[in-house]
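Should a chain be cited, it is by its letter among A, B and C, assigned in written order, with residues numbered from 1 in that chain.
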Amino acid sequence: MNTILVALRRDLLLAARRRSEVVTALFFFVVVVSLFPLGIGPEPAMLRRIGPGVLWVAALLATLLGLPRLFASDHADGTLEQMALSPRPFALLVAGKIAAHWLLCGLPLVLLAPLLGLQFNLNPGELQVLMLALLLGTPVLSLIGAIGAALTLGVRGGGTLLALLVLPLYVPTLIFGAGAVEAQSAGLGSSAQLSILGALLALAVFFAPWATTAALRIAIE
Amino acid sequence: MMEKTSASPWMRYASPATFYPLAGKLQPWFAGLAALLTIAGLWIGFFVAPTDATQGEGYRIIFVHVPASWMSMVIYCAMAFWAGIGLAFNTRLSSMMASALAPTGAIFALLSLVTGSLWGKPMWGTWWVWDARLTSELILFFLYLGFLALQAAIEDPKRADRAGAVLALVGVVNVPIIYFSVKWWNTLHQGATISMTKSPSMAMTMLWGMLLMALAFWMYSIAVALARVRNIILERERHADWVRGAVENA
Amino acid sequence: MAQIVLSLMRGLARAPILPGWARTTLDSTYTDAQTTPIPASDRRRPHSPSFPAVPSFMLSAHHLRCSRGDRTLFADLSLSLAPGRWLQVGGINGAGKTTLLRTLVGLNPPDDGEVRWNDTPIRAAGEDFRRACLYLGHHAAVKDELSPVENLRQACAIDGVALDDAQAGDALRRIGLRGRGHLPTSVLSAGQKRRVLLARLLVRPATLWVLDEPFAALDTDAVALMGELIGAHLAQGGLAILTSHQPAPLPAGEFVGLAA
């Protein structure tokens, strides 16, 4: 646990010094969400229907934006190797880095989404479920995305390749995340979808750091 | 790679040098079997199986569509299996096998999508239906593309093998989750009206036809994989002496 | 224990299967170990955490084979390093020196063979080996956003070593970065960044030092300082492996030459 905190604090300190990157992903989220009404039309009933899906897809893309940088700078200046050689378990250090990524990229999305949800005429009940679903889902996005980031570390065309690798794996989270909000607006309970999101989160927390570490070792070789 | 002279004689074939001629000998047999089974399967499919009451003659394309979907799944599992073996035991040949299987699997996934689309057009008037199986097949196709793209983008073959293995293993774990989630999504949005998987009654002949075609595709996949792995072996081991001999004699 | 390994080395040195230079290395190691006792010189202890008491740790490599792409860099390479000894890996650019160092440290799994720390394969030794080993590679391994002091503290935190500001400042001063400890590292020159990296030698206790070009980008004073540090480390029973294109200011050690 201590190991995870060490890596988490380090990444937060570095992000604090590099302020600009965090905000860019947020702006991207806002801009992409605004594109959909512009492309489809502002009819309120239709916006209500597409709102959850649009917000979720935008959250996916915004997370993807921040992923290549997760390991790239540490890899470039050699600190990633030092982490691999540390007596502390590498997997826990990696878990700490992923946690930092979520705090910087995922959590702001969770907090900003209700505001954007208002643009799509979602009612408070739906907004609440949206926040909860994003709260459970965005860590899964960071965890699975980290595997892709580790696999494509230093590979040419990395960013787009990362998207190709990771987006199919994001599909379950997207389906249940958007589905939770839709269930809420249909008047059925969203507890089933939220529990499944919780289960996906538990699975991802358990397996993803391990897979990411394996991929990082392959990339460091 | 640890070239162990172990007790089992089969371990000899873990070396690319010894597997190469074996693959060459086996390949024509599988190709022949594939051809025979294809003829048998298509004959049943197009001539023997009865006309379907609701769908007319157009349904016969399922004799290609369903076996192709099955094979795309089976090949993904086989690919993940070989890639996993290659990663765990550091055996080059296993990873080469995984790389050899991937394009065939992708082709079957694409075939399944195209035939599914051709089947759907006369029935529902649209070229694409967001049916649970077709959508899962689409995502499986993306997973194949991801694997191929990753291996193509990494220049070092060792790293490409191992990164691909991690991706394939992560993919194989996710495929059931993806299938389940897509199925749930489909029932939520479309109801039970449209389904390509349900046939009111599957006559025995139809089942036989599909099984024969599935076996045919399986033999074809093995034949093609053997041919492809031979090429990969030649390419990777091109600096070894035996390769020069083999190429000269070819 | 050490005697068994020494006898093994002597036996291997006579094995015709090994290439000439490997056999010479093993032979000289064996001879040196027999005739040159570890000098009990002045014991200069570094700052903060104390050096562990020195049992007879030994690094050994057995029949290593590594390749890069199509090229086999080295095959059937075996070596052994006793406490108080240091090893220089030589060869032209691209011969595989860095690869060998990275393989010895565990970053690079070899195609064949294994590396052992005190007769346990390093994969199995895991945490114990990584705690005993300090690898300083080509990269400066410093974050530009942090100051040198913060860099040292973060590096030590990751390694599980407690280090406060005063100790970090001390180490930086000793390594020649007086007064620059709290500037952002981005304003330092390449040589100064190298010094920040080398400061870790002072604050992170380790038995085995694996240094890739430790003298590169350093001025003569710094080179002499590095020589002193490594010498002191060896005197306390530590081991060192390094590559260098310039002569190292150290007492005689072993040499492994890699052919291109």
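To be clear about the criterion, a residue touches a chain if its C-beta (ideal position, glycine included) is under 8 Å from a C-beta of that chain, and two chains touch if they have at least 3 such contacts.
Quick caveat: nothing in here was measured; it's all calculated off a predicted structure.
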In terms of CA centroid distance, which chain is the most far removed from chain A? C
By C-alpha centres, the chain nearest the middle of everything shown is A
Approximate Å spacing (C-alpha centroids) for the pair chain B, chain C: 49
Averaging over Cα atoms per chain, report the distance between chain A and chain C in Å. 40
Where the CA atoms of chain A average out and where those of chain B average out, how many Å apart are those spots? 32
Spell out, as numbers or ranges, the residues of chain C touching 2 or more other chains. 109
Multi-chain contacts in chain B: which residues touch at least two other chains? none
Show the residues in chain A shared as contacts by 2 or more other chains, in ascending order. 221
Help me check something: in the complex, which residues belonging to chain A touch chain B? 147, 151-152, 155-157, 161, 164-165, 167-169, 171-172, 175-176, 179, 182, 200, 207, 211, 214-215, 218-219, 221
Where on chain C is chain A touching in the complex? 105-109, 127, 130-131, 133, 135, 137-146, 150, 154-155, 157-160
Which residues of chain B touch chain A in their complex? 139, 142-143, 145-146, 149-150, 153-154, 158-159, 162-163, 166-167, 169-171, 173-174, 177-178, 180-182, 184-185, 188
Given the complex, residues on chain A that touch chain C span 6-7, 10, 13-14, 17-18, 73, 76-79, 81-89, 93, 220-221
